[in-house]
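Got a structure for you, written out below as structure tokens; questions coming shortly.
Going in written order, the chains are labelled A, B, C, D, E and F, and every chain counts its residues from 1.
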Amino acid sequence: MKLLIINPNTSTAMTTGIAAAARQVAAADTRIVAVQPSFGPLSIEGHFDETIAAAGVAEQVRLAAPHDAVVIACFGDPGLDAAREATRAPVLGIAEAAFHAASFVATGFSVVTTMTRTCVIAEHLLHRYGFERRCRGVHGTDIPVLALEDGGAGCVDQIEAAAREALSRDRSGAIVLGCAGMAALCAELTRRLGVPVIDGVAAAVKFAEGLAALGLGTSQHGDYAPPLPKTYAGWAAPLGW
Amino acid sequence: MKLLIINPNTSTAMTTGIAAAARQVAAADTRIVAVQPSFGPLSIEGHFDETIAAAGVAEQVRLAAPHDAVVIACFGDPGLDAAREATRAPVLGIAEAAFHAASFVATGFSVVTTMTRTCVIAEHLLHRYGFERRCRGVHGTDIPVLALEDGGAGCVDQIEAAAREALSRDRSGAIVLGCAGMAALCAELTRRLGVPVIDGVAAAVKFAEGLAALGLGTSQHGDYAPPLPKTYAGWAAPLGW
Amino acid sequence: MKLLIINPNTSTAMTTGIAAAARQVAAADTRIVAVQPSFGPLSIEGHFDETIAAAGVAEQVRLAAPHDAVVIACFGDPGLDAAREATRAPVLGIAEAAFHAASFVATGFSVVTTMTRTCVIAEHLLHRYGFERRCRGVHGTDIPVLALEDGGAGCVDQIEAAAREALSRDRSGAIVLGCAGMAALCAELTRRLGVPVIDGVAAAVKFAEGLAALGLGTSQHGDYAPPLPKTYAGWAAPLGW
Amino acid sequence: MKLLIINPNTSTAMTTGIAAAARQVAAADTRIVAVQPSFGPLSIEGHFDETIAAAGVAEQVRLAAPHDAVVIACFGDPGLDAAREATRAPVLGIAEAAFHAASFVATGFSVVTTMTRTCVIAEHLLHRYGFERRCRGVHGTDIPVLALEDGGAGCVDQIEAAAREALSRDRSGAIVLGCAGMAALCAELTRRLGVPVIDGVAAAVKFAEGLAALGLGTSQHGDYAPPLPKTYAGWAAPLGW
Amino acid sequence: MKLLIINPNTSTAMTTGIAAAARQVAAADTRIVAVQPSFGPLSIEGHFDETIAAAGVAEQVRLAAPHDAVVIACFGDPGLDAAREATRAPVLGIAEAAFHAASFVATGFSVVTTMTRTCVIAEHLLHRYGFERRCRGVHGTDIPVLALEDGGAGCVDQIEAAAREALSRDRSGAIVLGCAGMAALCAELTRRLGVPVIDGVAAAVKFAEGLAALGLGTSQHGDYAPPLPKTYAGWAAPLGW
Amino acid sequence: MKLLIINPNTSTAMTTGIAAAARQVAAADTRIVAVQPSFGPLSIEGHFDETIAAAGVAEQVRLAAPHDAVVIACFGDPGLDAAREATRAPVLGIAEAAFHAASFVATGFSVVTTMTRTCVIAEHLLHRYGFERRCRGVHGTDIPVLALEDGGAGCVDQIEAAAREALSRDRSGAIVLGCAGMAALCAELTRRLGVPVIDGVAAAVKFAEGLAALGLGTSQHGDYAPPLPKTYAGWAAPLGW
């Protein structure tokens, strides 16, 4: 199968990193194709960034070559509903996938993310998806997204400390990493913390493979039916229906 | 005061209509400036349309001349959080404003909107804002958004019928019109139905005037603080921070 | 327009203060008429006080001269539903108005109020209105309501301190003042805190003006329809329908 | 023990009827003392009626002779919090008691009440108490409260029909009677319907006896602590603290 | 009446203790019959223990001699739905009964229980029953269930300390004891804490007496109707229908 | 990997059928081992059946040979928490897995199940897991579980009809089959309905494979930590810890 993984920001280094993380867990017969929008922010650390990035995700799904599944690799799941409307394939956001995975292995989990100001984005997603009771806390570390690329030991230590405190204070049994850029740290954190640590990129890849294997794609009935025919203006003209 | 009203779609006719509806209710000293994105769908009737339109709203707020308040004139409130991050002025979505207004005048209200497939968008907003108990039903009429521009009597009759059934079945006391394009029908529907009928454009204009008069703008503290400095690529380069 | 503002307690000094606060923000053509019940507690600091005060609000609306809008100026919104049943005009409670205003300018807000024992009243209202997720904390200062009349610097300092801690602990972006008696401190607290500080009296006046300007009044359909004809006994005889 | 049962309206016939219903189920050593306010509506069929009646309940508890438990015998539980603040004895509302009883004998119940316009009052209580998921429907019959006094066969038939439809449509296992005036019909309806039919007066009496037997009274700690000292004006002067 | 009280674990000492606690509060004409399953864990301190114990409760109700009411005396309410399906009598769990009792005497209560790992069981019950807003906190003391049998002063002190902190931090007005084994400590804790302290065994006995006196039993209509005829295999053969 | 699939009832035919359904979707290197309890009901159609079956699931996990993942193949997910406590492997219930899968492909789904009396079990699970907003309706067909074994065309037609009505009335985009015995009908129903039809057995197998591939197992920290040492009496003695 061909799995389209979209990095919603325009950092090529992060696209490469996400592709590597995805390939590490993908099945032998899964081909990972990683793309990024032709426009938008270098990283996503707030509502404005995310809104532009969501349009970037929509662009990439709209213009994509045929594929069997789609993963949106930013923890805010930008453009998820738009992407689902634009393809018959199953589409997963990494926040969504991580929350689902965590709820399979613990009665309560905590999220450890980057900028504190983005915690509210995670909280809105948790509520939207129905995980507001399963998630027992969302915690910012104020590590900038792009600082994760260097993957310095400092980041791991800081995330480990935040995770330890979350496990204890929130009475949680698992940790969800709140940024695609943390994928590379997942194994080390798992080793250190001794609890399930969930990277959404990995979770999304496996769930996407599973859905595709079952022939389950986005419903074409109801609000995810293909968009109505519509003229689009300006740079978005090629995205019209 | 100067009130920036953004029509998130690219129908100039609708922008003109929204501006007219806004001016009809604006205070004498309120100057209405109506704009539309430089790109995107001619009307918004689904998730994909809305995601592109949200980026259009973000563009317009980002590039806007100084203003005292902002209204986003599409019932899905696209780009609301992004717009708030991008300005110190108060920003209101018309769905949000209509829900608030309805909850001041009835213990329960019903929404009558255009395409049935967009009902879920209204439902998500209701839940996001906390009106899921106040709203007793969301009803599609499957009138296309652009058909509202002609404002034929057929539309009014159809909306009236849907509203009457909603009032009775949902045990509601007020009707919220679920599309900016219905603004011109509000007076006639009020007359026919004998209950409060709420047009979000009008409600948003008055609430925006009220907040601005009190000196209340979007909080600069927390997740609505100005975006972090960031390079934006492609057509979005001028939107970077 | 004529705006009837009801102070639900029987402190004439507070009625005067509330009227002054209302006039300060009212539009040029808004006439503020401030009244108080003919009976009941001197201040409202618990359930019993509030229940008697609610009847006082009902009395005042029932016996009121014609008016275009009503504001109930106590943070527990006593008698709100009764008042709505008793008039065609729009009726707003100040807690309600403050919660709505706060949710327009921040994704999360905190309430700072007087007696800790009244926090539960605010919490019940938040839940009733649907703001239980928007409000991130309700905090008592244990300043007696009547001590606010003197408006000593001590009060401002104490409220400022409580607000600062709330902003930080609750991750909030705005502060709602939980007592009509705090109206006079709003400007100073806004200056000190640097975030939107919302006084419900001011918010209610502006929202009431807005609704009245749109011709939106309490629905006469459903549970807010005028009361059924009914004999009232005792002192309440003149309130019968 | 001495159980004070307060009929919140001023219909002496209904006070007598409620007392009779209470005595029918009370334990041998329970003395029922039934009272009604010195003022207020003859029956309670809306928000305004209820707000005045709540003050009447507060009056009766405040001025009551010593007692071991209190029951408020109107389905809107008017004045419940005020009454709890005013006594150390346990206080139960009949709606509350009925909801609790129903949830002990069925996973879902339906409420059949009098005027449709009062359904929203029951819905607010259900939500306030946490029974919004247990209750699967609230249904008005539009039988006026005072018509129940005559207890004609017509009333029983009408309530039976509404209950049958509720059991089937709501997939419920029990019926809660939504008016103190229906107490006398409970046995007959139980016989006809073959499911638990719950009269709140009976349920409240038994729960009150149980709590009193255990020495459990209203908490004096927190928001139910005795009211703060306070001057009351007008007719309410004797109610001050 | 005959009240069957089931200790879901297989500690005979605890069965005896529970019976004693029940008899202490039972009415003169209530006969307490205490039983325990023929199999299962000696105490219940986790999900696995509870799942086996639930089957034990089902066994005991299925094979029980005629009775007028049933109480399940473990704070997780194991087997509650099964028991209800298996008898026409009313069935109460002690957690359920305690939550109901607490919500009659305080606007908020806290639970103090044994092992921290069982807190999530209480939280799930609170949510299932609708008390998630009434309960302001669930606190583990990590006292093993069987250590309560000795009833050493140490236990009381430890529970008192946890309760005091809960009252203050949670802003609660009452304490629910989260284990049947704490029944004997209830009076002493009430004396020390000065707030209502609720033992579920006592509460369940009184509520069961009340329901039985009213002739209210488990609904035979809907999901609590008697089980469908069914062959059971293995040791469970005698439990078949 | 070795996947232990537990049929919680004691129908060998159904165990065989479930194993076949699992093998049909399992990866090449997944070995399916299907077991059933040594005791309990032949099918599960109510609370009592389910409570005994849950103990059967606990028995099978407790006594199981080493395995890499566990699936509980009854739509009530009986014994899920117990099973998780008893193994380090990931454990999935088929209802849970189906709900998760459905929420990846539609904004709203409907459940079509067997006996109407079991709808409440599904509703409780939906609420427990957080899917109460995603699921737009649970519908019984009153087809007995064992009738599904014959798989007659009548069953398919009946389920198709119920599903069609659910899609339309509930405004749903996907159908969840509410019984392990419906697994064999999934392909045919998918073909007929043209929307995603989800069989929980298949979904659970793929999600279990995915979790196991990522090395994600049940958290050993918190309430899913291994049970405390404990003596078990009677037939359950071998299950003690």
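Note that a contact is a pair of C-beta atoms (placed from the backbone, for glycine too) under 8 Å apart; a residue touches a chain by one contact, two chains touch by 3 or more.
These numbers were taken from a predicted model, which means no experiment stands behind them.
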Please identify the chain with the largest separation between its CA centroid and the CA centroid of chain C. F
Rounded Å distance, chain B centre to chain D centre (Cα mean): 43
On a C-alpha centroid basis, what's the spacing between chain C and chain D, in Å? 29
What is the distance, in whole Å, between the centres of chain B and chain E, each centre taken as the mean of its C-alpha atoms? 52
Numbers and ranges of chain C residues touching at least 2 other chains: 81, 84, 107-108, 119-120, 127, 133, 171, 222-224
Can you list every touching chain pair? A-B, A-C, A-E, A-F, B-C, B-D, B-F, C-D, C-E, D-E, D-F, E-F
Partner chain F, residues of chain D touching it in the complex: 107-108, 133, 171
In the complex of these two chains, what residues of chain C are touching chain D? 10, 37-43, 45-52, 54-55, 57-58, 62, 79, 81-82, 84-86, 115, 117-121, 124, 127-128, 144, 222-225, 227-228, 230-237, 239-241
Chain F residues within the chain D interface of the complex: 116, 119-120, 127
Which chain C residues qualify as touching chain B in the complex? 25, 27, 81, 84, 90-92, 96, 100-101, 103-108, 129-134, 167, 171-174, 190, 194-196, 198, 202-203, 206-207, 209-211, 213-224
